[in-house]
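Chain naming follows the written order as A, B, C, D, E and F, and within any one chain the residues start at number 1.
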């Protein structure tokens, strides 16, 4: 089984970190390959970054389809950018890390809080919680106020701030679990969970296991309805290669 | 990894069928053991059956805990009877097949319909959809009007009626996938999916893979909050053994 | 008119207290009889306690039906354990004290808060508020952190802590009424209301009056649909007597 | 105990009919008095009729307060016109017949449909269902297309059309009970229920019993918050008597 | 284009202020005329005031229709009193200032808070937010605790308290904009916005521009369904002139 | 006042048609300029098309900002692609035509249905209705099964099919208005409305008037919170020009 992890931003070092975190939880028979778009922002911290990254995600899926042999895709940014678009492009299951984390969190706790990087991206998590139907399971979306790339630049400081916010959530929110709200926190999960003393759910690792599950079930993205392959049509300009 | 499948009704032949369906999707390293309560109804087709079965589920989890070595539990009845109670009794993840099917269905289709056994149990699915947050993903809860044990007594007739209802759902509901609404349909999934021409999600098999995923992540039921072990207290009468 | 109050836990002294509180508000022509399951936990403080008590509730209803002459049942635990199951077993109306309190509270105030015993049982009230449709009428579910049996062991201390929590709710929540979240608080209502200076709704007393109302209207539990009598079937083991 | 039934329209014959229906279900010790505004529309079949009637309701409550000795008020039009306003004007409980019917219906059936007079007033019922929180308990709001005063002019034809619509609801909606959506149907309930073969809930009768219940509990409209007596101020023109 | 601003209370000085604020934002070709009911409360600070004012609003619309040449109506009280009723009485669009403010706020910010006059009227804003569908866009409804007429009596003190509450909202609520919750604040918008440093949306001015827009589109209130002209019928007593 | 209409697809003839429709409703002082991305799909009929077009929308806004003098932007595709992203890039208000149509429809009718091009894009409208909060105002999302470019290729046939679907909506849905679900239908509104006999709301024209309104109010996109300008960062590859 081959799961392709797509880091929607273009920071290769983060792709590597995410890929390693994914590999660490993968089943023995699972091959993990992590990649990133050729084009796009170095981090995703708002609606605009996310919109651009969505095309990168889609193109990365198309590249995977040309390459062949990929059984499932994981979109490793907590806004799940390009999720529905990506699902149109392949029969393989495509899973976003935000949805993965929410699904998993509801199976181990009755209420959870999200701890994300920046307050301004918290709204994206709120939108997803509402859209997916998990809003009433989530007590609060909190921000550690750590810019995404600081997760790499100064990981110790980042972990400390995230832990502090998690501890506030534990004390104030009446929750049973924490959801980490950024793909770049994938490798910090164990450390944070241990320090905070609560189950901590992280989306990259959650999505890998959900992807293994879907593939194991032989389930593929439905091609009946809105997730069918895109209707054939020309694309203009720099996207001409995306048309048919 | 050892996953204990609990068939909440007391029909051993159905337990066997469910266990086989579970085994068929389990990963190589996963041991499946299927069991059922010693006490309870032979099928679950309403609120009262469900209430009694919930205690059976809880006791079966307690038996599993005494036995030891169980990594996750699956509650294999589409009403998820006793789910929250069972979660209090163990650190192992506990997954209901209704929630499992709903989680999985939303990852491969934007909208689904449920096809269950009897109209009178459809309300239980509706309650769960609302409570879990999946109501807006589900177009309709439909009933094939097949009593649960008829799934075993006359499986060919049962499959035919279920397929007919699935085809109506496909034609009328604007959906991308079907969710089968009874644990006793676990072994019929492939056949129904092929005949209907839509992805068909079934809860027992879905739950096995989600359970493998949670165990693979090292995640356990949160003991912080309402899923903590029950507060110690005496139980009276026939439940004296449940007290402390 | 004969209303049977079912205390779902097995603590006889609490049954007596609840029965007296019920009697105090009953109409002249109403006979109140209070009882409790023969089997089950001495208090209900979580999902597991509740699941076991639900069977006790159902069996107590069946006993009432054999006895005959009962016009309505009240389930006197704030989680409304076994409510839907009990409704299947009788034509008489069955009312849970949580639903009763919520219904009544919305008729005298635009917003209310719940003050319950323990934080871990607050989640059960939250689930009911959502399921019944009252979530937006309730500002907050609060816990006085008084274990259920301490309501009897040290009632003065219990009242004091409950009053303190009610006063916090009055000051902070922007509410017009308090709902007491435990059947064991039935006899404390007047005292709490007077001290707090807000209308206080309590479920046992509320349910008695709603039951009188339904009986007075000649309305019975619908036997059309999911509340119809259970489908006949064998039950196994210790529940053999529940089968047909 | 004295319950004042307010028929919000100005048709005295309908007031009498409603009053009789109310009296028929009242407890022995309950005195029913039915009245109507001096000013307003002869029937309420839309938003404008309702707005005017709301003032009539409020003035009728004020008249009741001057009269004294009234323990509860019932607003006997299915749009609950002036309900919140009326609650500001008295300490006595005030109950609308739509809310009463919805509360009661949820206690005897898991799902119900509303059968009202005209399609154009169905939207008012929809708004109330959403505002009160009962939307998910109601399958459908249906109209028999009988103008309100035709309930009096040709009751046999009216009953027949209502019964036909109820039978359609029974056959198509998957419900356990019917809610009649007009105060003018109060006296038809028994006949309709018998013919249709479903529990039928009617708001006037339901509200009388809820009012008896609230009074029996000693509960009054909260004067803490938005239902407190109106802030004192002048009213101009024809409403000068309403000012202070 | 002629837009009629209806101040639902009977304080002429407030009508003038509102009219001036409306005029200030009106397009060159737009004629603004502001008026008020002949009958009703001098301010609207609760459900009762609102109910009475709704009839005044309706009559003012009827007067406008007799007068002729009015292209749109604005109801300039934040509870949108009589909105649906008014829509029945004319083909011209009718816009409430609360809905107007909510619509506009969602177009410039992802989340907003409301700052209204008194806590007891905040509930009216909550009801509208829920009914219109904007509840999840609004973080919090706050009150400056300024009675409506104090906006005129001591405007400087009023502005100061409103600004203070807005600053609290800005600091605590995670919002992008403020909605002012009273028509009497129409002329204070610019000053408050500048001081607070956030976009401030005010309903009177918002409604004028929405009204211009609807008229510019040639859209009128639908007469298909519940907003059709009232069914003809007699009105009794002081409302005889409203009947047909 | 200068309003820039962005047709998110790259079909210039459709841009022209949309621009003309916009111009026809613009106020005398309003300058309309219509444009389209240089890069992207020729029509938008699914999630993938939409994701690519979102970047085109964002770049077109950036071009507008470089150009200067633009007071508001309208995104003229019914999925509102790139709406939040675009709002980050400018202080000018940005309005999507789906939100515009929903806002306007709720001001002239209590319930509406959407008639869009293809069933597979209907889900996008459903998502927006839920996310914006308008789901309960919309009875049904219907599809005329007309591909987007057929609106230009064979407009008469297209209008006929759209009218047929609108008439079905009028007959079956209990609505007061129709919302047209595609920017390419902008010029057909008057004809469809006249034939169908219902108010028909179309998003491009609606958005122009809302944009004029926001500009007239002096309101701009909030730069406090998630709609603030993007955090500065490098973009890689073909998007390098988007970085800072």
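Convention: contacts are C-beta pairs under 8 Å (C-beta built on N, C-alpha and C of every residue); 3 or more make two chains touch, one makes a residue touch a chain.
Composition by chain, UniProt nomenclature: A, B, C, D, E, F = Hydantoin racemase.
The structure displayed is predicted, hence computed values, not measured ones.
S.K.: Could you run down the chains that neighbour subunit A and subunit C together?
M.R.: B, E
S.K.: Starting from the mean Cα coordinates of subunit A and subunit F, work out the distance between those two points in Å.
M.R.: Each chain reduced to its C-alpha mean, subunit A and subunit F end up 29 Å apart.
S.K.: Averaging only over C-alpha atoms, locate the centres of subunit C and subunit E and give their separation in whole Å.
M.R.: 43
S.K.: So which bits of subunit A are touching at least two other chains?
M.R.: Residues 84, 110-111, 119, 122-123, 130, 136, 174, 225-227 of subunit A each touch two or more of the other chains.
S.K.: Based on which chains touch which, is the overall arrangement a line, ring, star, complete graph, or other?
M.R.: It is other, because the touches fit no line, ring, star or complete pattern.
S.K.: I'd like to see which chains touch which, written out pair by pair.
M.R.: Contacting pairs: A-B, A-C, A-E, A-F, B-C, B-D, B-F, C-D, C-E, D-E, D-F, E-F.
S.K.: Give every residue of subunit A touching subunit E within the complex, in rising order.
M.R.: Residues 119, 122-123, 130 of subunit A touch subunit E in their complex.
S.K.: For a test of understanding, state which residues of subunit C touch subunit E in their complex under the given definition.
M.R.: Within the complex, subunit C contacts subunit E at residues 110-111, 136, 174.
S.K.: Quick check on the complex: what are the subunit C residues that touch subunit D?
M.R.: Those residues of subunit C that touch subunit D are 25, 27-29, 84, 93, 95, 99, 103-104, 106-111, 132-137, 170, 174-177, 197-199, 201, 205-206, 209-210, 212-214, 216-222, 224-227.
S.K.: How about subunit F: which of its residues touch subunit A in the complex?
M.R.: Listed in rising order, the residues of subunit F that touch subunit A are 10, 37-43, 45-52, 54-55, 58, 82, 84-85, 87-89, 119-124, 127, 130-131, 147, 225-228, 230-231, 233-239, 242-243.
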